[in-house]
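Presented sequentially are two complexes of chain A, the first with chain B as partner and the second with chain C.
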Partner chain A sequence: MITIKNLSKTIRGNKIIDNLNLKLKGITGIIGPNGAGKSTLMKIIASVEKGDKGSEIIFNNTSNEPIRIGYLPQNFSIYPNLTVYEVLKLLATLKGNFDSAHIEYLIELFNLANYKNKKMKELSGGTHRRVGIAQALLNKPNYLIIDEPTAGLDIIECIKLRNILLTISEKVEDIIISSHLPEDIEYICNHIVVIEKGQKRFEGSLSEMIQRSENLSYEATIELNDLQKLNVIGEIVKIDKISDKLVKVKFITRKPIADHQLYKPVQPGFLGSYVSLLKGEVVP
Partner chain B sequence: MRTFKILSVQTIKSHKYLLILGLVSLYIYAGFLLYSTLFKLKDAGNALQLSSFLIQSGMLFFMFLGFRLARKNSGAMALYKTIKGSIIKVLLLNIVLLLLIITIFVFSLIVITTLYYFHLNPSNHFYFESGAFLINNLLLPYFITGLIGYIVGVNSRSTFSYAYLILIWALLSPTNQYFVNNLLSNTQLTEGFSLLHNLNLGVQDMNVPYQPFYGFQLYWAKKVIYILILLGICILSIFTAIKQRLQRINIASVLFTLVSFSLIPYSSNNINYLDGYLDEYDFYEKRHKIPYKDLFDYKIENIKVVVKNYEKFSVDLEMEVNNIKTSKIAFTLYKGFHITEINDSNGINLLFEQTGDYTIVNLPLNYKERTMTLNVKYTGNGTLANPATQNKVFLPSDFGWIPTNKMTPTHFVFNEHVIPNKLSNPEPIKFKLTYEGKDKLDYVNLKQRSSSVYEGEATGLTLISGDLTQRKKDDHNIYYPKSWFSYEFELDKYLVEFEKIISNYNNLFKTNYKLPKNIVLLPSMAINDSYIFTFTSGTKEQLIIQLDPVELTKKRPLNTTIPYQMEFAFNNNKNFDGPEQFANWLVFNSFLGANLDNDFEDKSSFIFKQYQQLVAEPYISEKDKPIYNQLLKYNNTKLPNEFLIKWKLLLEDDEENDWEQLQKLLKTTQMGAIQ
Partner chain C sequence: MINLLQLKSRSLGWLLYLPMAIFVAMLFFIFGIPNNNVNVVIVLLQLTFIPLVCIWTLYLFYDLLGTGNFQYMWLYYKTNIEKILIMFFVVLFIPLISLIIAIEFRFDEFQTLPILMLLFTQCLISAVVSLILFAVFGDVSIPITLIFLYISAELATFGSSKYLYHIFFLNLQESLNFTNTISLALLNLLFGLVGYKIFKLLIT
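Here is the complex of A and B:
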């Protein structure tokens, strides 16, 4: 478990992270809109950057092994003329943990055998990202921090990558994933943190998150022309077209709607809960 | 090591096109220089001395290589930040790699040149000079610009960096003064040129050819300090690679270092006598009053000289004299040697007056008919042609660097050239020399008694310390510049021919000269080589010849000058009161040379004959011109030997009417009939 206490980060007078207190455990997903401070938070956890004075990051290591962090930055960019194997070899050496058998194992694990001798610049986005995660595991970390694992990937590659992350979750103590895609979090994570503008909106399990917005999710069949009116009372999270004029809409409101026959209460799901959290009050 | 290996591989892979293009271009240009100057002209000195554009282009290439090596890491920085110590490791290894690439490149040039030198002459000693030049003028400047490029690359993401680097390169390069001079040709900002001179990392003046006697002028301290400071900034940059504010300071500190270094001149032990030469020209152009003749009428018995040549060339001399006729004595000493003190043997300071080349000493007691010892202390730098500096010394026995009672100025001006007179003593005197200096002497015309003490009898004292080497050939010790190793064959041939011409001279004048044991071959030491054939001096023990195999062999065989060098070679008492007398000797020498020349018919040396006549003619009065014109009619033939012998005698007598005597001679030998 990683405990974060009073974490703030100010860059050129702007508060990017504002007094965060978190307890990250298992596979934690950090989600929030663009500019929420996710990447900054990830960098601070990965020790790439430091928080403001008074901030504390505590790795509650249950084993006797030293703390080893594996990190995949959002923009994983490395010498494009090196081959996959050379990159892994170089980074393993820099990490002081060169073990060719382990490199081979990671190549197998991430299905990179066919790309081993390919240059980084010749790889597809998904393969590039897989190499990124593989390099994060080079030092056999007990904490794995992955910033936007599926950024820029197509659906198939996203699914593959999520499966891989689930596979490796057993090998590390904690995984922290940040993403702006709810699917990533919903699929992989058992602990969720929602942040917006550097502040915590929610921290807890997926079910707790859904529970919080149970009375705020509705479904309705309306005319296409009435969509704009719906925006006044809530946030649309899903639209299914029924006919040329009619659509079935799932939306989230700020307050429960009482006594209205047009709108049918439904389970909010992760996306609904997420939107609901972003539009609701800040949870201390 | 593994990290370094992988990083090196990736760096070379990432920059393979830049490296191939840059290094191959540099190799081609270096090859072209070596081919045209070293291979074709065998001019080992200038093959390096005139390599400013190679230095300059290499500085630019390695500056951008340094910049690129630093920049390529910027993408991986975020990842490196998570790996403890990796940024420092990667950036440091990149510096090592950069310096290694530069070192390999420069050392490959050293190996290539050295191999070629050994191919030309296995016994050469020039490889050391050449290696030092390449390290000083290529390796160190490449290190400096490479590190500057690296610092800017680590600290800046701005495209402005390119302009910043180009500006720095222009300021540091060997052509900076010419570049800025052209840029500012119509402004009054020329005072700033000395700052540019101080910044220049390459050859100090790209247009000045190599001077084989001096060797290369190398400046180590400033460049090494520069590198150490830049390495310091590099290390600082590595540790502050994440902090933007400090990065700006790092970039600014490069500029600050540059400005600071522009204020520090390079050490001034190199030769910069041009201003002095112009002063000398003004001085010797006028005729100066010579002290009363009787003051020179004494005899020098022996001279003990202590020379200390460190920061200054200083002489502490004890001169034993007798037969003094008056209460004052005068001696001649080149005016550039400033006398600080004159004492007698009891240590009593004697009053003296040094005016130009002459010094009059007041003797407090009546030393008439007694032997007395004068202790004279003086310092100086010599002249352009006869330097006396801590690095290089060329003080031949006939140069006025030791007080002499010869009543002749040390120099005179002829045809806009300052020419040294020959001031050897007519009879040998005892010398004892103690020499201490930064560099050891290459040649002294006395026997060496210990590491710093020399003793013997000679008509003058010769000290030579230059970029010379020595070898034995038959019974002769031959001294010559190290850079002439490729001309050994020509030099040997030259000496064989010299010996033949000596024989011709001996047959003509019934003399008994021969090649002495010690032969010193030097390049032209004067401001130019117009009178190179007159700057030959010889005694029983030494022959010093100025010649330039590199330049001369471009046009004609080296030995074509020999017939015109002979008259000056063994006549160290030949001194001239003024240019007219020298002109008369040149006319004589032009005809004598033709007679001595074994290949007179092929006219290859004719140009030297004509040149002497050309420069002498303006000094011949209108009254004497008809006689001179009459002589010119014999230009294509050899004059009768008898005529030349008598002509020489009339030149050597004390009478001043040389041309009248010559006219009589022409008539008596019936040569006037040709008119």
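Here is the complex of A and C:
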């Protein structure tokens, strides 16, 4: 478990993170809109950046092994002229723990055998990201921190990468994943943190998150022309087209709904809960 | 560490072959031209190897300073930046020392130690200045441009401009010995060491 106490980060007078207190355990997903402070938080957990004075990050290591952190930044674009194997070898040597058997194991684990001798610049986005996660595991970390694992990937690559992350979750103590995509978090994580403007909106399990917005989610079948009117009442999270004129809409609102014949209460799901949290109050 | 330099040099691309080409060209210049002046050879040696040192150093740390991944790459570099620089200097000095031995073999009036001392301090200061410029601007083209501007200015004025600090020994008349190189070498060494401290301060 990683305990974060009174974490703040100010950059050039702007408060990027504002007094965060978190207990990250298992596979934690940090989700929030762009500019929420996710990447800064990930950098601070990975010891790449420091928090403001008074901030504390405590790694509650259950094993006797020393703390080793593996980190994949949001933008991992290095050594375009080196092959996948060479990049892993170079980074392992730089870290002072070159072990060819471990590199071969990672290549196998991430299904990179066919790309081993391909240059980094020749790889697709998904393969590039897989190499990125493999490099984060070079030092056999007990804490893995991955910033936007599926950034810029197509849906098939996203699914592959999510499966890989689930596989490696058994090999490390805690995984922290940040994403602005709810699907990433819903699929992989058992502990969720929602942040917005550097402040915590929610921390807990998926079921707790859904529970919190249970009475805020509604469904309605309306005419396509009425979509704009619905936008005034709440936030649309899903639209299914029924016919050329009719759509089934799922939306979140905090306003009282009078016409229950037109608007039917439904389970919010992860996306609905997430949207309602972003519109809600700040959790201390 | 040799592994590391091998891999890093692979990322240099065509720049890896440049010292070999310079080495062969210098050998030809030393042995192939009759009635050659040793001072001309020394000037040429400085003017080819020093810019090369700058470019090599820049590309040696390109992943750290030029890819926008500084904070992340620093996790890898923070314990071994000196080791890499020392290894790089050792590797660089193999062709340089070979050329100096060749010059000693060819020219009778040549003194090895002063030129070695001078070249070492010139390599140090030029590498450090390149790194400082790279750390400040974060774009490899800026230090390269500034270095070539400096070398062009030095060459055009043949080291006589009072507005520039002169790291080169550009004298075709006087023979190169301890007396006329020691002050330049010491200054280069001092500025090189101070510069390295500044570079470390900039990146940490």
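Assume the second predicted complex is superposed on the first by the 280 of 284 C-alpha atoms of A that agree within 3 Å, B and C clash if a C-alpha of one lies under 4 Å from a C-alpha of the other, contacts with A are read in each partner's own complex, and residues count from 1 in each chain.
Everything below uses one rule, namely that contacts are C-beta pairs under 8 Å (C-beta built on N, C-alpha and C of every residue); 3 or more make two chains touch, one makes a residue touch a chain.
Quick caveat: nothing in here was measured; it's all calculated off a predicted structure.
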In the superposition on chain A, see if there is space for chain B and chain C together, and answer fit or clash. clash
Go through the superposed model and pick first if A:89 touches only chain B, second if only chain C, both, or neither. both
Go through the superposed model and pick first if A:48 touches only chain B, second if only chain C, both, or neither. both
Does the superposition put A:98 against chain B (first), chain C (second), both, or neither? both
Partner chain in contact with A:77 - chain B first, chain C second, else both or neither: both
Chain B stretch colliding with chain C in the overlay (listed: 128-136, 380-388, 398-406 or 524-532) is 128-136
Indicate the residue numbers of chain A shared between its chain B interface and its chain C interface, in ascending order. 43, 46-49, 71, 73, 75-79, 81-82, 86, 89-91, 93-95, 98
Residue ranges of chain C touching chain A (in the complex, touch as defined): 1, 3-4, 7-8, 10-11, 13, 63, 67-69, 71-77, 79-80
Residues on chain B engaged by chain A in the complex (per definition of touch): 2-3, 6-7, 9-10, 13-14, 72, 75-76, 78-83, 86, 89-90
In the complex, the residues of chain A that touch chain B are 43, 46-49, 69, 71, 73, 75-82, 86, 89-91, 93-95, 98, 135
In the complex, chain A touches chain C at residues 43, 46-49, 71, 73, 75-79, 81-82, 86, 89-91, 93-96, 98
